[in-house]
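Chain nomenclature is as follows: A, B and C, assigned in order of appearance, with residue numbering initiated at 1 for each chain independently.
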Amino acid sequence: MADEKFDAIIVGAGMAGNAAAYRLAKEGLQVVVIERGPYPGSKNLSGGVLYGRVLHQLIPEYWKEAPVERFITNEVVTFLTGDASFNIDFKTQDFGKPPFNGFTVLRGKFDRWFAEKAEAAGAMLVPGIRVDKVLIEGGRVVGIAAGDEEIWADVVIAADGANSFLAQEAGLRERIPASQMALGVKELIGLPRQVIEDRFHLTGNEGAAHSIVGCVSGGVTGGGFLYTNLDSLSIGLVMNLDELVQNQLQPPEILEEFMGHPLIAPLVKDGTLLEYGAHLVVEGGIEMMPRLYMDGMLVAGDAAGFSINNGFVVRGMDLAIGSGIAAAETVIEAKSKNDFSAQGLSAYPQKLEASYVMADMHTYAQAAGFLKNRRLYKAYPEMITKLMRQIYRQDAQPKKHLMQELLKSLKDSRISLFDLVKDGYKGGRTL
Amino acid sequence: MNIVVCCKLAPDAADIQVSSDGSISLERAEWIIGGFDLQAIEAGARLAEASGGKLIALSAGPHQINNSKLKKDLLSRGPDELVLVIDDVLVNADTAMTAAVLAQAIRKIGGVDLVLCGEGSTDLYFQQTGLQVGERLGLPTLNAVSKIESRDGKLVVERSLEDEVEILEVPLPAVLSVTTDINQPGLPTLKEILKAGKKPVTEWTLVNLGLDLSFQNQVEVIRTTAPHHAQRKKIMISGAADEAVYALVVYLNKEGLI
Amino acid sequence: MNKDESRPMSADIWVFSEKPALLDELLAGARVLADHIKGAVAAVVSGPVEKTEEAFERGAEKVFWLGEIKPGFMVEDCVPTLAHLAAKEKPYGILIGSTRRGRAVAGRLAARLNLSVITDVIAFMFENGDLQARHMIFGGGAVRVERPVSEMILATVGPGIFNPLPLTPGRKGELQIPDFIEPEWRLTLCERKIKPAPAVNLPAAKKVVCAGRGVAKQEDLALMEELARILGAEVGCTRPLAEGLGWLPRERYIGISGANIKPDLYLGIGVSGQVQHTIGMSEARVVVAINKDGEAPIFDQADYGIVGDLYTIVPALIKALKARK
């Protein structure tokens, strides 16, 4: 092929793709990012918060120029029943100061900024083109094809998201079973800044992130989330795909029901629906990760299965950025040795293992499994709310001590003490 | 044949926001290349390729047109070069000011054999630009062109009017405004997008064009508001098909329509 | 254009259109404007002398007769003559019929006179003695009011805005025959093909059944045609079905750059209701919409709406209508 060859072709201008592109371009390598949407972020939907310290390492003080929404100073876990809720509500001033902890972002805006940073650093961005396949010669990935056109590179970084087919194409993974996938549905609800700040007790650009568990998803295991943006709320559900299909449930209807819940409705009252979207989420954890590299190719971000839901926080973006950086650094080293074989790229999993990325995937390996415990969604929320109701209720009847009330609530909710202890222990060890 | 194609970069009118008091805003609208202009670009690209000539895309407008994504998008559709005339005085430019600026830019580019324009701009659709530019340049100028063929240094064009089609011979240089029947532009290819970033972009101001900055619009905009909609009954008929249809028939009968 | 101090601007309104019916409508509109400024109405006529007589009978006080179009010349070749005349006589305004030729004449005239054009005016108003014009922009999404800052107003007006004045048979006026100024360039006409008269005149239809993107296949249009037949309606469509898919001829497409209709009944089937389309039918007396998407914007602009699958509803409607006969 007479055409120029790139050092790297990155498929997908999301968090992993942009991070890798930026890092590679900064190092002076010729890199092209191919994005199938009309602009970076157009095909992305996040149900999480950007825990940005890793981005701060890559682009110091990114918050000064990036279109971030609010910095999260208030993290809440809510157990929800039909008519009651119990919150674990944590606020800290510490998260309100640089380098901050987490930011809410709107992917359409953020990814575009991130891609522009990569372009400014020298990366080429090609939007609106869908990669159809990887080009393999002699068992080695040498480029990609989009329609009739082919371009070539020393390495292809597959950062094409949760529905990634490149990793499959290249033989690095099998099709992910529906039981390991979840469907995230999300609405963006517009509300004036002042209303959000009043409703969620925020000042200035402070933000709140709510994780909701319990009676949210029509009997399907899953959780809800609600994040405050500057002048909108991101609210949504992540539900197990298999169960959705088995129960023949319609996600938009479940979401509407959730938003109509008496404890959720006041939070979104009088808001304007700005956007609705759905996206697949990988939930398999470390068990379901594909092989991450082969001759001429690396897999990063959601395509590699890097996502963690530990019940308290939902993470994908920071892991994607971390893996994108690791991929870039691997390519830089491979280039210096001019070895892009699997051997030459083997530094990739090593870098991931050495960093928080794989460390956290290991730590939370059992989290997904634990979070499938049905008691979390019905029995425990009911038990806790019943308990709290008993504690607070004054009805001219004799009161009992906490221990008695607890045992009674357990009995009423049909939770054995054994289950409680077992679950508590398991939760403490996996989350 | 050296060809200049004029394009307008403007806010996407589909993103218009209407407030309850009837005022409208395009503040949050994305700036786009006009769809009719994309067709003119495609026509220019095909003619330039066939004749071995150069295609230059030309656009004039306020600072928002200096948008790297739009510039790359324009260059990924066939033009070899891009010329931008950027000046905030051009926001709300009337047809005369637009034509005067573009005509002057074309003079400055020089050596132009053919100027192509789309049927109308994406946001205003006044369908005037090409005609006024051509006349200001003193060149043969025609609108409603639905087909262009090059023959012995002249163009033979099909002009599609309401009741008739004229086949006309047009000497060069000339200015033609094309209709939507002229072609169906495809999507830019990967290679074209990659090449776009390397093509030259020239930026001029009105001062560069030697235009008298005191010249103003001949027409003044007084107000822009949302259109008044007839109050509709908005009666939603629910029920199974047969029931709904029966109810509709009753209503239609009451309205004296059947 | 330069203000000629020695010669005040006249209060005349001129009209021009190569289409006689449109010229008659413009004369009526010009009459209203001229009365307001106490001026006269003048028609610029190109064609046989009969056309000048008709112009007087339809309300012109003056006619500038450009004569018949000579062989080898086209309508637009009158532009230099018209420009010279306007620069000399300085009318208050010139209204030109908004056809493709009309736009060409207006644009080229504007460039010669260093004026702008207010296109496709839907209404004129006088505010504080100033003439203002209203037209649609943003694909039908907004209405804009503009006024000329220049000495002369140049505007194009489409059909259906003004109603022609009744004929006053035998009415006469002042006929002037300006010198024809040879244009600097002329194009060679190789061939002229008359387009067959359109099979349909949608703007004249009293009832219209409009097919939208909800119609899945071209063959399914037969269903729309049957419904139209029973209702005594014409079949129209949204732009994608005409221009994109080519299922129906251009004359049947209703919208911002297509037909503008004011029927008694508009029945939209599988039409989502984008503003570029609804601008073409918003003045229908009764609007009925059938669409399976309850959120489709068309329902906000309908008097009666049914949320349902058109493939179930339309056959049921046909059956119900047949049963009444």
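What we mean here is this: a contact is a pair of C-beta atoms (placed from the backbone, for glycine too) under 8 Å apart; a residue touches a chain by one contact, two chains touch by 3 or more.
The shown structure was predicted, so the numbers you read here are calculated from the model rather than taken from an experiment.
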Exercise. Determine, using the mean of C-alpha atoms as each chain's centre, which chain is farthest from subunit B.
Key: A
Practice problem: Please indicate the chain closest to the centre of the assembly, with centres calculated from CA atoms only. | Solution: B
Exercise. Please work out the Cα centroid separation of subunit A and subunit B, and write it as a whole number of Å.
Key: 41
Exercise. Could you put a whole-Å number on the gap between the CA centroids of subunit A and subunit C?
Key: 55
Practice problem: Take the average of all CA coordinates in subunit B, do the same for subunit C, and state the distance between these two points in whole angstrom. | Solution: 20
Self-check item: Per-residue overlap in subunit A, given as positions that touch at least 2 other chains
Solution: none
Exercise. Among the residues of subunit C, pick out those that touch two or more other chains and give their numbers.
Key: none
Quiz item: subunit C touches which residues of subunit B in the complex?
Solution: 13-14, 16, 24, 26, 94-97, 99, 123-128, 130-136, 138-144, 156, 160-171, 180, 216-230, 232-238, 241-242, 244-246, 248-249, 251-252, 255, 257-258
Quiz prompt | Residues of subunit A touching subunit B in the complex | solution = 3, 32, 34, 39, 116, 119, 124, 126-129, 146-147, 149, 151
Quiz item: Which subunit C residues qualify as touching subunit B in the complex?
Solution: 74, 79, 99-101, 103-104, 106-108, 110-112, 114-120, 132, 136-150, 184-185, 187-195, 197, 207, 231, 243, 256-257, 264-265, 279, 282-283, 285-288, 299-308, 312-313, 316-317, 319-321, 324
Quiz item: What does subunit B use to touch subunit A in their complex?
Solution: 68-69, 187-191, 193-194, 197
